[in-house]
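Both complexes below contain subunit A, partnered by subunit B and then by subunit C.
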Partner chain A sequence: MLRARQQPLHPIAWWSWAGSLAIAASRTTNLLLLGLILAVVAWVVTTSRGSSPWARSFGALLRLGLFVVVIRLLIQVLFGDRVPGDTWFVLPSVPLPHWAAGVTIGGAVTAQAVIGALCQGAQIAVILACFGAANSLASSFRLLRCVPAGLYEVAVAVTVAISFTPQVVLSIARVRDARRLRGRATTGLRGWRGLAVPVLDGALERSVALAASMDARGFGRRPTSPRRRRLTAGATLGGLVGLGTGLFEVLDSGSASGVGLAVIVFGGALVIGGMAASSHGSRSRYRPDRWLGAEWAVLGAGLVAVAGVVAAGGSDPSALTQPLYPLALPAVPISALAGVLLAALPSVIAPTSALGRARLQEAVA
Partner chain B sequence: MISFDRVTVTYPGAVVPALADVTLDIEEGHFALAIGATGSGKSTLLRCVNGLVPHFSGGRLSGTVSVDGRSTEKYRPRDLADAVGYVGQDCDATFVADTVEDELAYAMENLGVDAATMRRRVEDVLDTLNLHALRQRAITTLSGGQRQRVAIGAAFTAAPRSLVLDEPTSSLDPVSAEEVLASLARLVHDQGTTILVAEHRLERIAQFADVVVALGASGGTVRTGAPAQIFATADLAPPVVRLARMAGWFPVPLSVRDARRRAPELRHRLEGHPQPVPAVSPGDRVAGVKGLSAAYGPIPALSDVTLAFHEGEVVALMGRNGAGKSTLLHHLVGLRRPQRGSVEVLGHAPAALSAPEAIRLVGLVPQDPGALLCAQSVGAECRDGDREAGLAEGTTGALLESLVAGVSEDSHPKDLSEGQRLALALAVVLAPEPPLLLLDEPTRGLDYGAKERLSGQLRQLAARGRCVVVATHDVELVAEVADRVIVLADGEVITDGPTRSVVCHSAGLASQVARILAPAEWLTVEEITRALAGRTPGNEVAR
Partner chain C sequence: MRPEARSTAAVRLIAAAVLAALASAAAWGSSGLAASGASPLRQHPERSCAVPPHLAKGQIVVAVVVDFGGVDAKVLVSCVTARTGETGAEVLQAQGRATGYPTPRYDESGLLCAIDGYPTSGCGAQSGGHYAYWAYWHGGKRWRYANDGPGEWTVARGDVEGWRFEPDGSASPSDPPPRAASSASGLETSAATVRGATTTTSTADGAGPIASAGTGSSTRPILFFACLALIVLLGAGALIRARRAHGHVT
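Entry: the complex of A and B
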């Protein structure tokens, strides 16, 4: 099962694996299941991520997820719906006028309210962690390299925008430093007001330099007519939007509705058509990521997790939720747990980090 | 290979042309070096070659520029991508991809080169530019010299027969600069590439050139010729050439190696002439750091640094890109709070002071002096400076006039030459009379004339009791201006001592004159001139 080649896995394989786990997480508030998904994602990230700077994005999104949980709990305790149940403690409540119906401040805080909020917060945190994992395993830059030729210009714009944000942060720091060196305010409204113009000025200069460098390296040198290019780009983009909407429709309702399926088929056809039409372009691609057995395995591992969760929900919908009335420990849906556990398979298929290799050798020995 | 026929370029809104009636011809396989004072149109000349001027910049170009037989009139820059590679001044702003390999392949992808050829050429370029160990690395994690080599590689993978580079070594430490130049030399020797480089710092590059294109002031006359011939008379010349002229060596040697063959005779003449001793001994302590440590995330930037700075001394701070020079300056000026250890300037912790209080104690001119300037005109900038520092109106303006004469009040700071912009930033920082003045890499983009003026100004400030600390890669500036050199490596102080002993005993930091005359310890051409004329500043003081 080990991969001999140096090249990392196809980014789409990683993104669809992480996406599948996010979908699985989005269908359950069972803390046991959510915890297992998080553990699986974290395990695969530690064993399989590379050493690039964006490999650290998993940690950042994990922290963001923790923040979300805390905020969700705070909001629930302070302003949330007064959920009936076993009261833990009572906060002093502030009476609000009748037009503010639905919003309360303070009041009785029940175990059900807190645990319900915790489960919802945890769900969002796990979905964020999945996104972080995708970014750590295959940067969004690498994902963008896979877009069909018809969307090439769009992808370049997005790539530049992504790399632009950290530069703006740096540039803000530089301008703030410069203001302090001139003895000017760096905080407060006056400080911020003086920032905008120099920062935008710097951003503009950099953009022009980048455009010159891209032009000098042959960007935009294509014999195809602009009209044909617009047409194929439009078809591909429209198709992708259709595909996304259809998938959302199907996933959201939980059952394959006729409309959703039709939109998926139509969108898919548009994308394939657009890609076929644009592949005649004159660009070539350096070391395109290959889609081999390992990619199929990683994709499959993600799908197994979704299937397990869906199957568990089909046989017993309550198994996927946290029981609140009465409060109880979450159920143990065997098929869902098995599916999610199988999703840890990529850590064996694609261990690229030194840590992962060391662990694997230990396991083999 | 690259030819200009009566080319005149006028930018939109400009009255004077940036290039006037330029005719030149660079033959295939030559290494051409464009020299000229700041504002003489070097960048414009370079950007004409692949058509960025006028296709990208706007403006009017008359005459014909052609490269590899293709005229820029008919071909846009993107259509010339396979004929000429262009590497701009600030390479950090030009990267498109995130990893080295992808960046190298970018131009070929645009040209539609087939996959097999692409892989072969990427491997070739990785080898030629010595980048193979970095192929998978993210560009943001590379050092300055490595990034510059990636930028050159990215322009070169499309297999252009010419390469045009705008100041490729100006922001690099001596060793990285050497690496980049060695890579360029390899492209010329092994692949027969035609190269046109514009550069201010001629010390290292002059010996590589086959042809020198000397631009006169403000796009006027252009002279093309063999290096020895041009440098025999050019105003802009590296120390080795000035030494040769002074000693009467002909033909003029361009490399330290050539000059060393003639050196014994000069060393003999210098025997018995004592080297000048520092005229003033440093005064009271102005500032100091004690046990200072700092880190950016997991990466240590300074570790346990203890230093003191005194009145009346010029201190040079040297070390590789990323050795912690800027971090130390940022601590001294109070932009960063010490994580461990302490920083004091005349008994105050600069980071604890308010901004208006801090500028009276310590001033910093950052790497890009333009960052300090945000008013719409020079006059407004000076008035802002006076008002914020609580000075009498006209103080900053008068100071600017004393630093560089004849800057128009109405001109926009962005339209000034590099030297004028540095002088304006210096005036703004110096107006509140801080006893400690810090400069971060001040000579980037300065020609020899502007650099000489800067050295003079820094010496004067020190003579008046200020303490001046300069972080720089420019060994010639250090030789000329510094009393004391501090060398940092990986955040630690490696050496701290008088300039003469540090500079003469270091392989990487020696000035050209020091290399030529070793083992005799001489630093600059001026010092030798004075010694042979029988008067050294040291003797004068002794009398």
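Entry: the complex of A and C
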């Protein structure tokens, strides 16, 4: 359902879309599938991102992903497990004493070791790119407005957590400009050395300052009794901890164990209860983000990708992994590829930034 | 098997067999030997781990015990000729070639998934707190749970390499060891009984090795390259759009 609107898509729609693609990526080491996920994410980002400063988050996290892949490969080659297979080259190795079992320096580097490491690195890089896409597509400040009322008590932490990545991207641009004006290096190793500390420092400081100012202005405060507030905050926090441990239990064991599911259900009930109790009372919103057809479509597109990958894994688990013994081209799991390709639909559904800008200019003129 | 020996075995905590194929310092001689690619290993013609008279200098015979861990008690004992200093992984590879079964399968992290094509899929599959994995053991007076991976362990004269599939293992030295004698001499003396058990293939249940790994290489090249082209197209489109937007802004 398309509609004319100047307002960007609901941030939660973008975050759930990107999260779904990250989940899909986390279930596969098939380079073909990972490549398609990355291409789809990049396409949607370039077609649908706005002109906001944090729209460059995607590029920054793409570079970070590349860095991760390089580091993963380097560690594999220098200190990695001596995975047996077809030897490519042999590095001089240092014999280590027996108690240092599991640690090696140098040795035979096999094709299997390098390609396996490449697949694992690429998986992390694609997940990072999905995170960058979410930051690029949705304003973190709009996302902050959707934080449920039950979490306002931890507003400072939530604000810092949500706004850190876009602040880093803003900070990089600012420090770069400052260094360029002073005639210092902005590229290469020297440039990076001068960049890293002020960027991290500045981004964290600005995030904390934002959180503090929001707190000072009574962000999310409501006239309720302190006892009730403590109760709802405790329920929400306890429920979130339960949800986290339950999810960890289920994801770690790879199967829905009874205890994990019970903890998830209990935690979920606590969170819902806490939020319901705290959301009573009226609060007005200025130009609220609405959840309409386009949002449902974007959410659905992400879920289709996950469903496709899960279906492909259910019918043939080896289709989602890179075949190493023997080395071969990755399989072509049709359902997974179709699902991921459908996840590119938001580039058509979402109001494009160019369109939005044109409308805005018309309105101004 | 002395009781105190068993208690010291419990001290060995690291489930290195789970993280099989860890590193090999590979130490001396790794360069020439590993680079040669084609391994000089082969199964000794007669099924005895006794040192044959025509063994070349620097070569040894290593016994490899592969216990499929099923209720059916299927245990394969192979004698593999190796060079001193070769890794357990290379010996295992040679065992696979010698027996005609698929060679070992590892996953991306180097974890050993399958020996002789068993199990056909999955890798150290976890259910509850248990793992279905191949445990790595070193022979000797008794079976010792390996503290290292097969890619790291180098074999020496008289070694016995033990592998047992633990369908419900705890990934610790408390998992049961292979059901065969742990020493080369033990394998010799009980050769008749052990080898009687080894050579029989259990066809009743599916616990035995399978002839073909079935690695699902049903990849159709046309489909693969069509998909690759799609990725490149999408990526290039995104890149061009990004460039254009960048140029527009600045």
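Rule of thumb we're sticking to: the second predicted complex is superposed on the first by the 257 of 365 C-alpha atoms of A that agree within 3 Å, B and C clash if a C-alpha of one lies under 4 Å from a C-alpha of the other, contacts with A are read in each partner's own complex, and residues count from 1 in each chain.
Everything that follows uses one rule, which is that a residue touches a chain if its C-beta (ideal position, glycine included) is under 8 Å from a C-beta of that chain, and two chains touch if they have at least 3 such contacts.
Bear in mind that the values here come from a model prediction, so they are computed numbers and not experimental data.
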Subunit B versus subunit C as contact partner of A:L327, first or second or both or neither: neither
Comparing the two partners subunit B and subunit C, which touches a greater set of residues in subunit A: C
Which of subunit B and subunit C A:S213 touches, first, second, both or neither: first
Partner chain(s) touched by A:A157 [first = subunit B, second = subunit C, both, neither]: neither
Touching partner for A:L200 - first (subunit B), second (subunit C), both, neither: neither
Touched partner set for A:D81, first subunit B, second subunit C, both or neither: second
Partner chain(s) touched by A:V169 [first = subunit B, second = subunit C, both, neither]: neither
Which superposed partner A:A262 touches (first subunit B, second subunit C, both, neither): neither
Partner chain in contact with A:T47 - subunit B first, subunit C second, else both or neither: second
Residue ranges of subunit A touching subunit C (in the complex, touch as defined): 29, 32, 35-36, 38-40, 42-43, 45-47, 51, 59, 79-87, 89-90, 92-96, 98, 101-105, 107-108, 112-113, 115-117, 119-120, 253-255, 257, 316-319, 321-326, 328-332, 337, 341, 344
Touching residues on subunit C, where the partner in the complex is subunit A: 14, 16, 19, 21-28, 30-31, 34-35, 37, 87, 89-90, 93, 103-110, 121-122, 125-129, 147-152, 213, 215-221, 223-224, 227-228, 230-232, 234-235, 237-239, 241-242, 245, 249
Residues of subunit A that touch subunit B when the two form their complex: 50, 52-54, 139, 141-142, 145, 156, 159-160, 163, 166, 174-175, 177-186, 194, 197-198, 205-206, 209-221, 281-288
Subunit B residues within the subunit A interface of the complex: 50, 52, 56, 76-82, 85-86, 88, 90, 93-99, 101-102, 105-115, 118-119, 122, 136-138, 140-141, 154-155, 158, 330, 333-335, 355-356, 358-359, 363-364, 366, 368, 371-372, 374, 384-385, 388-389, 428-429, 432
